[in-house]
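My structure is below; once you've seen it, I'll send some questions.
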């Protein structure tokens, strides 16, 4: 974020209101609940935006159980409170959240791209966008500036590339892993933060009832398909050494020739632009 | 007509035929035995088998039939002007009057179908076959492609119908316009299924947007799908959710095998105009990213330095010239030549580069762990016996400074050339696509 | 006589002002947090602690020890007698003679102090400390002459009898004033002599009284996690006796001379750190500090006060993160100051309140929380290394003689070689042992040294709960860090889970245990066939646990004559791998491991015997060519006389 005199305003002369939505993450190796990587980045981005405005107008919002210990790891980033819309596990969070957000009308809503637990379809920002009628910016890496109600955003593309976008407030953005890493969660503030619990009406997510959920099976690696016309071909394909078992070694050639070989490979791979 | 038809024309070589017939000719053995032995073009152009040359004499003097059927060693002769290798023409899959449509919206990275796109097309046909088996109705797979298209092989990838939207409003990042178009497709074709590749290249984004718009609850990261149930990854890839197959699917990579045994019509879909929406998201174009600002883990091309580098200025210059992200071995970092966040390896960053160019790195086990996911590894090293050379696809043994110097001058030369080849390629591709489409139309008619 | 009253008044004034200063100084310490101390017992024990424990450390430098005994002893005796003779006017020739003797003693000592200060080594602070020998000479010399008349050597009234006498009196008065202000005022108002006052009380009220009388107290003190502020933010947040300890510093720089981070050019100097704590406690800037700076940092920039956050202005966090917690400074400190405690206390604030653990620190702590190991490996892959080892699991056997605490080496391929070697030795010696398998968690060592006591406590409590389910007599581990935690730090958390768990069991390092096995003849060893061998003492085995002998005895039992490094035993130099230093990775000019390898190379050794996986990793990280690095278990395995297959079954 570039500090800018108008950055903290939403274009109508009011202070920027930011909501970062958080969920309960899950560690890939241990399966233990934790701060979700992308949601943590959403909070980090929200905190950076809020810090550049005069008033600290960031709400960190969770729909679920306020007793979840993992929520504290978000609070440990230095939040005084986390607002929790108290829901049962089976409830559909989208409706509750969109009602809440409709009522509070923030300027920017930040979410992760995909949750680390539950269905993790990544639909949340889009559903909210559809129900609020706001534009959705997916996979953002940073919000560069907000001027006169228009935000300039960097969207993360694969391989570290970035695309610049502008969008008028209010909008919803999902925060990519390319966004700045969330700050460390400290035990002291985490322990002291206030869980601002809010009871709310919710409907159960009945569509899930028919689902069966098991821990992920390892997907078989796709075999190299050999369309062999004869038995001999099939035999050859099954017994042949995999390609690339040994690389090419250039030992005694002159340096120019060696360099040319490297250059050719780089060109062939298309990494020289 | 396509080029293929010209290659079908027989070019006879009367001299060779004559020699083949004349057993007393000095060159007879070379032509008939070393040549196309078993099958010979007769004077009328018919294929004739020569029983004398079938098989070979085994070790105990008994004649044996060769069951390799000509697959042993390609023998070039007979047709002197024949093109190198003749691809067999695959059967054309024709559906004149489809009862239903399955729509695939591919990523088309760089205007071409990606491997992921082809998998999704394969999945689309799998679903179409399943419906056929159930209801005896035949349907088509329709591709909606946005923006500039350079793909030549829509037919071999399984595209029955193609809706190509490449007018100006579809250039760049324009999800809102794309959704407007897809919503029209929904109205007109009522697709049986909507299939998207679940990818970072835009498929997920578009699929999710459309799902939200249509009010469909999609499956994401689906990897095993039939008309009844889908298995998809959930909870960050840690669980498999089995659920009824919805109408909109976002499919994981390798969800199905791509089409490879048929050709498809690639009939262009006639299309009245789609309303142009005024987008709220404005694409300001891709940002020039300093290669060194790309996180090491994401970088596509890494130039990595180790203990064997003496001339660090040269190293940085060449990294800049190559447009490569800089990496380093632990020793180079410990010695203070590179910052810690550049360290590649088990205790540094695990990289995923497509090309990893290691200079003066012998390859400690921790380092090799860190580059495990790299596609192509190139190394410049003085020690031909080190682990990095064993791993590398191309190893250059020599003084790194000299080789890098040569490489630098090559790159500078390359940079000076104006390269326009890309434009010419895209034009020819476009022609080819048009031709393919025309042919498909003819066949359908 | 006109001036008869002069010197008594001078002495009385100096004593009074010193008393006022003392009250002020005590109040500075009292600003610290409460800590219960047995005052009476401490004061009673104080002279003994001074004469034995402190002096044993000073005695390592014979010159200084004799000089200090003469100067300090002479001063204390003289002062007592000066009060009697010159202030209270007690007229006794014997006393006067005694005073003369003690003043002479002090003078002789002061001459040696003076000599030392002619060309002082760089570790010594200059500034006011350069003045001290002169003040000592002035004090002892002036009072010597002043006492001469009373001893009858000079006639009474000699000093006022003539013009020369008048002049002499005037000169004497100047010297006395100079001596008194240095010795008495300086003692309580912040001069070099402060060390005598604060040091004496520090010895009496030391936070770790167990250290006196040959004991060892190295485990960090737990943090109460419900405190207002976790760790030390402001000087006030230290315990009062820690503040007192900082004031005891004599700036001898022994700590600076042994600090591996200082030698590596990282921004840490333990002496300066303690002096900065004094600046923080009293308020002001470090401009008056006259010793070596933190490498790469200028003096005079730091400002602090008792209510100001230490890491904002007084100390750069990088200084705190440079420490490897090797305890070399603590071991060398003649005043027995606890540098490591202070550093970890401040790190606790940075980690648990500010969330600013540098570099990979945050990631490691997150991993420890989420996976119970520092690298984020799947918890159930902890036993993968032992897939072919057929190790009995405690969850199956429930009861065993020895628990083999595998530690996080289980995830590291190099360390696994050590683990396998040790298992082979255990099997060869027919030891009844078992492992906890996936039930074992990281010991929490790294979390604790990085200041995350919350995570450490959570790991410790869960480990204790696991241990309490089983019956066993000993825990043996190849990892000195886990060994230290289990042996010295876990007992603080056993309350309520397994109260007397640690009273009934023994925690041993594998070298100790292997030595027992070898001495008992349970392991048969061939003589070692190889080149010169040296031994590197891991800090957490040596200085933290006092185990210097067992690994050496093991090596000797192989017939190895150890080529000792100059810095070995309690003076061993750290490998740079402790205290989370490789994780926080503060840049310096050199790497600590490289310096240690230079130490090794001066012995000409071809093999470094080590007893710690972390030291192994650090030393093997030095660029080749260098001597080989092997854990003692790996060396033993090579010489093991394999028991016949029959005996094994």
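Per-chain residue numbering starts at 1, and chain names A, B and C are given in the order in which the chains are listed.
Criterion: a residue touches a chain if its C-beta (ideal position, glycine included) is under 8 Å from a C-beta of that chain, and two chains touch if they have at least 3 such contacts.
Quick caveat, the model's predicted, so the values are computed rather than measured.
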{"item": "Distance-to-centre winner among chains (Cα means, whole assembly as reference)", "value": "A"}
{"item": "Higher-contact pair (C-beta pairs counted), A-B versus B-C", "value": "A-B"}
{"item": "Interchain centroid distance [CA atoms averaged], subunit A/subunit C, Å", "value": "46"}
{"item": "For subunit A paired with subunit B, centre-to-centre distance based on mean C-alpha positions, whole Å", "value": "28"}
{"item": "Computed distance of Cα centres, subunit C from subunit B, in Å", "value": "63"}
{"item": "Subunit A contact footprint on subunit B (complex, rising order)", "value": "67-69, 71, 173, 175-176, 200-201, 204-205, 208-209, 211-213, 217-221, 223, 233-244, 250, 254, 257, 260-261, 280-287, 289, 293-295, 298-301, 322-325, 354-355, 357, 375-378, 380, 384, 389, 391-399, 402-407, 410-411, 414"}
{"item": "Interfacial residue positions of subunit A with respect to subunit B in the complex", "value": "25-26, 28, 31, 114-123, 126-127, 129-130, 135-139, 152, 154-155, 157-168, 171, 178, 207, 210-217, 219, 222, 225, 227, 229-233, 244, 247-252, 255-256, 258-263, 265-267, 269, 271-273"}
{"item": "Subunit A to subunit C touching residues, read off their complex", "value": "27, 29-30, 32, 34, 73, 76-78, 183-189, 191"}
{"item": "Subunit B-touching residues of subunit C, taken from the complex the two chains share", "value": "359, 413, 585, 587, 591, 621, 623"}
{"item": "Residues of subunit B touching subunit C in the complex", "value": "307, 330-331, 334, 336, 340, 365"}
